[in-house]
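The two complexes that follow have chain A in common; it is paired with chain B in the first and with chain C in the second.
And now, the complex of A and B:
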């Protein structure tokens, strides 16, 4: 068989598998709705309308799309260098608190300056926070899964301290930071929903990273390090440096995510404000197979499900946790399939290549 | 017993008919028949990728065939896994040993089949059983040594004993001599003959024709997944087997032109390096290479050759000593800096180090050009057109197949993958080429090609450090040979005075009356 065709079919196959996973999960979700005694068609109609119908509903989907896409992108970029960044949650907290600080403290500059500067600083904060596990992994081979998970708690509690004490808004009873300046707020694009220009920032970042990974020598090195660090060391690439830099970029995306949430949605940081955006990225990344071009579709699909679920619950009584069931089944199938594939690859390594 | 022609035969002990097996990328076996008479030594020969190992793995239950039947003693059997194969009396000694290194020889042999007394492990019984076997077949083993401390030859004997202990009547030996010295090979052959005398049946997988002619009763030749022919030892000659294996005549004897070595390129002085194992620590290694010279490094795998290459290329830390390229110190410099000094490197492990199988041919060909970005703009945007032209040039020059720049490396055969590596490293136009096992495990056509490339480089005045476990390769290409044993240079020989015998002796620590022990 033609080699290019085979590579193509291979990728098609993995795309097909994703659809199978999603489809199976939807069937399971349907069965759950059915056995709970609700009308299936009515429920799905409410779900659909809640996701797409009207500016408010569709805006709600777009609003949920942004964190899913950005955290998926953060996870996928690290994965390109074979680093499992479970720490996007912590990185986004650092990005958020940084954005809240500079959004508040910088005064008297136009939005066109204020927003980019604040987001860049948020990116730097998230990136630097991610450099810690990146460095430990590269230099001492400390497993980054463990360090990133633990550093999440450090970040969340640290930000918790900041918003409770030194940077608490004195005029409010709950632990939150003062509102950022109006010049730092991201303009809304679909009132009355909270959707804002964060979506364009997210998409621009996606395009930038697709370009970076595929068209530049840096991206080439990242991918090669991810596939085979022995190879890159041998040809003279500084694999460890590449790992740390990749982790910085991944964390920076997490930082931007935190910044966009603060400047776009809330205007301040509330203690424990993130409902686990950083962890959603793992699901998005896994489901998209860390294929950057597939990320927006996966993120949009999940955003629509989540956004629609609220409407579904309101009008038909189907608890929105059903969507959690569907997501769980998708993750199970996607993860199981990744395992099967690794096994398959191993056995064909033994058989296909070195048959003698 | 093995029965000569004309005498009435029993049912073959193993009969495989119409075996067909497909892997995702390739038809590995195309309706192959194979039959084995009890008590014979049956050699299975063919190039890498001919399907020898796959056929045997089907017999041993590791793979399932897609089509075809396997009969043992005339009865059709479905061998679902290795345990089932062992139950049917089939044992296999793999190319890579499957031993637990931190356990003793005895523990390894009985693992999974331990004799019990009152539900407890009966060590005494195990010991006496194992010693019985080892005396019966004339094995020398030390049952209480840890596997990590024994030699390769001994590990192989342990593997054979392990199979016998599990009741093997048919013993499959997968390229057993690939890792042995000539002397150890002789030992192995004694054992094989004694097994035969005791009624065991041996399948001997190899691609070394001299050995096959020496040991086998019958020989089955395979090529590209097909069985070509089974012939008896009397009808076989080396030329005929080579022709059947490759499908054309082969020339591996190169004419080597006289060549006056030029300036000194590499100088290594009193090099000390910590190795992966104690035996492979480098101790006071010194030598030099001149322009237009191929220096062969012979030795059994694991005697410090890997560490030497890694130290020279910046992949392993040097404890003390000096490495100089054209007089400039490169000790403990980074791989990139060493490359900049004009050293290129064909690594011993093609798949782990030498290439990235998930990337394309062209991405692999320019890999060593990327660290300092000559194929990209100032800010690091790759100039794909230039890269493609460069890759196409090399693909053409080195006859890499398929001749496409954007095919992923994982779709290439071993020989073509190796050519990609050689192409990349030779194109660097470095003064010194360090070639480690450059032709291990690839087809004869590619071996021919790569060896001639190395000779061309020599002719062009490059220095080549050729590390190889294949004595034939060392002897046919080198100008001088150093032999490594336990991390030291056991001796240096000029090509005129070297032969398999004295090299083999030095590789096992012997000291023939040449310039033994004197470093270059």
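And now, the complex of A and C:
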């Protein structure tokens, strides 16, 4: 291989592997569509139009973009400290129920106060829930993947209880909370779709965390802990405290996600309302290789696929489950650390002039 | 008191055993891989694909035996696939497991739509279920009959396999080597054990157990396929495995305990009582159990240093 090309690829091999994953998955999806007897071009055109054409369709993409971005951000932030936060799903449930409660109970304040207060409380709820596995990991080295998976169930059951019993809307038959006050609802930005200002909240959080992790001492400590907790302890950084704080922040993002979904989309919490937003974040984080700046692109790509899939099914009959298969193949391939490994050239190959 | 009698009765114990079987089957596969240092949370996806394959094959061939065999074969294929992603392509074991689980949900949903042209669930009288076994004589004894007889074949098989797992791990050379691999891979390798081959073999076994668990779920426990019908049972298996200290017999008891909380939760729900707190217990118990285990380990290590 050409030396310059090899150096170029070596430096970008994680990006290269992500592209291979996505590309392979798209080929698989295309083959599936083809062998099911549908017209490929027509299908992709319907997919494209469903994702981008018109306010309703594009709004649908933006609406799906927000939870993907936020859950990806929550996952990526924790992973900076080498913590796998599989618990975003549980954290968003606590955020959602908190937002539903304060969105309902606080009355007579303007939106400008009501929305931020409610979302901050939702963030706190999600964050505090995430502190439990964070603390257990930091203090006793309990594997956080297992605990967060378990605590997801606890959170979903707990919220299920709240929604079914003490905080059930008595006027409807299904288990759901009363509607939040109109002052707590996030204004819509692209009617008739459900897209709302949650997208700006999500992007603002993204920018904030890029700044926090890359430009502050705290962010440096987080990354140092992720790199080597023993070393950071040795140089006087309290790595355990950093782990717990990082987990709090990650959970808080999950809490905001729950809050934004309640205040922006539904207006209430329904039992089992999340279709797995928290788990989507793992896929987004994996594909972005936990690079915060890559998150919005990955989230947008997946949101467009999902939004377009509905249109594709309606107009061409290609079942939207095809997109599920594409996603599944993407995540399987993205899980692999290395599909193609570009080895670094030995420095002697570089052909520089030897000194000495 | 009358209500209590309706909630806690012999049928509850029966339901406990019924509910514990899929958990126990999954957990046995998990014990084996965990002993070889692989936490196979992909068992959930393996079960789900197994459940689908079992229903499909039983429906098309009219044979539950073929259904189970196909489910086991599918389980092995998926488990090997995960093993390759983890061992060859160096994916983190949890990431690989999560990927398999998401894949299983999407893939079975896709197949359900395309093979049976339906969404949500598939039921058909042509699906031949796993038969129930009536134990002669015991069946006629009042209490014992209810407790021991009339379960599905795979319920009994599950109990037998607990002891088979124990035998494999603790009474065979293969089991010794598997545990060696888990405890100290480097010395195992030095001692002439091919670590990765052993890990692949452990994954194949967990594929067999996962496939059985899935087939039991769709052909024994119920007689249909429902989207995401495993509904976390594989992950409860992970919980049972940790709660049981990664040994087969204790893990089985943990599965029974988790089956009991589920059965009791269902009974409470029938009477309009909140079941959620009952259903939470296995998960909280697991977190507590793992934490206690880690605290003990830390203390041991501290004492060893002194």
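One rule holds in what follows: the second predicted complex is superposed on the first by the 325 of 356 C-alpha atoms of A that agree within 3 Å, B and C clash if a C-alpha of one lies under 4 Å from a C-alpha of the other, contacts with A are read in each partner's own complex, and residues count from 1 in each chain.
The rule we apply is simple: a contact is a pair of C-beta atoms (placed from the backbone, for glycine too) under 8 Å apart; a residue touches a chain by one contact, two chains touch by 3 or more.
This is a predicted model, so every value here is computed, not measured.
Engineer: After lining up the shared chain so the two structures overlap, which partner does A:109 touch, if you call chain B first and chain C second: first, second, both or neither?
Structural biologist: neither
Engineer: Of the two partner chains, chain B (first) and chain C (second), which one does A:233 touch, if any: first, second, both, or neither?
Structural biologist: In the superposition, A:233 touches chain B alone.
Engineer: Classify the contacts of A:327 with the two partner chains as first (chain B alone), second (chain C alone), both, or neither.
Structural biologist: After superposing on A, A:327 lies in contact with chain C but is clear of chain B.
Engineer: With the two structures laid over each other on chain A, which partner does A:161 touch: chain B (first), chain C (second), both, or neither?
Structural biologist: Touch partner of A:161: chain C, not chain B.
Engineer: Report for A:221: first if it touches chain B alone, second if chain C alone, otherwise both or neither.
Structural biologist: After superposition on chain A, A:221 lies in contact with chain B alone.
Engineer: Would you sort A:335 into first (chain B), second (chain C), both or neither based on which partner it touches?
Structural biologist: Once the two structures are laid over each other on A, A:335 reaches chain C alone.
Engineer: With both structures superposed, pick whichever of chain B and chain C touches the larger number of chain A residues.
Structural biologist: C
Engineer: For chain A, give the residues common to its interface with chain B and its interface with chain C.
Structural biologist: none
Engineer: Quick check: in the complex, which residue numbers of chain B touch chain A?
Structural biologist: Chain B residues touching chain A: 23-26, 28, 46-54, 57, 63, 175, 205, 313, 315, 334-336, 339, 345, 347, 351-359, 363, 367-368, 370-371, 373, 376, 379-382, 402, 404, 406-408, 410-411, 414, 441.
Engineer: Can you list the residues on chain A that touch chain B in the complex?
Structural biologist: 3-4, 6-7, 215-218, 220-221, 223-224, 227-228, 230-238, 348, 351-356
Engineer: Sort out for me which residues of chain C touch chain A in the complex.
Structural biologist: 39, 41, 85, 89-92, 94-96, 98-100, 102-103, 105-107, 109-110, 113-114, 232, 235, 238-239, 242, 274, 276-277, 279-280, 283-284, 286-287, 290-291, 294-295, 298
Engineer: For the complex, give me every residue of chain A touching chain C.
Structural biologist: My answer: residues 36, 84, 86, 136, 140-143, 145-147, 149-151, 153-154, 157-158, 160-161, 164-165, 279, 282-283, 286, 319, 321-322, 324-325, 327-329, 331-332, 334-339.
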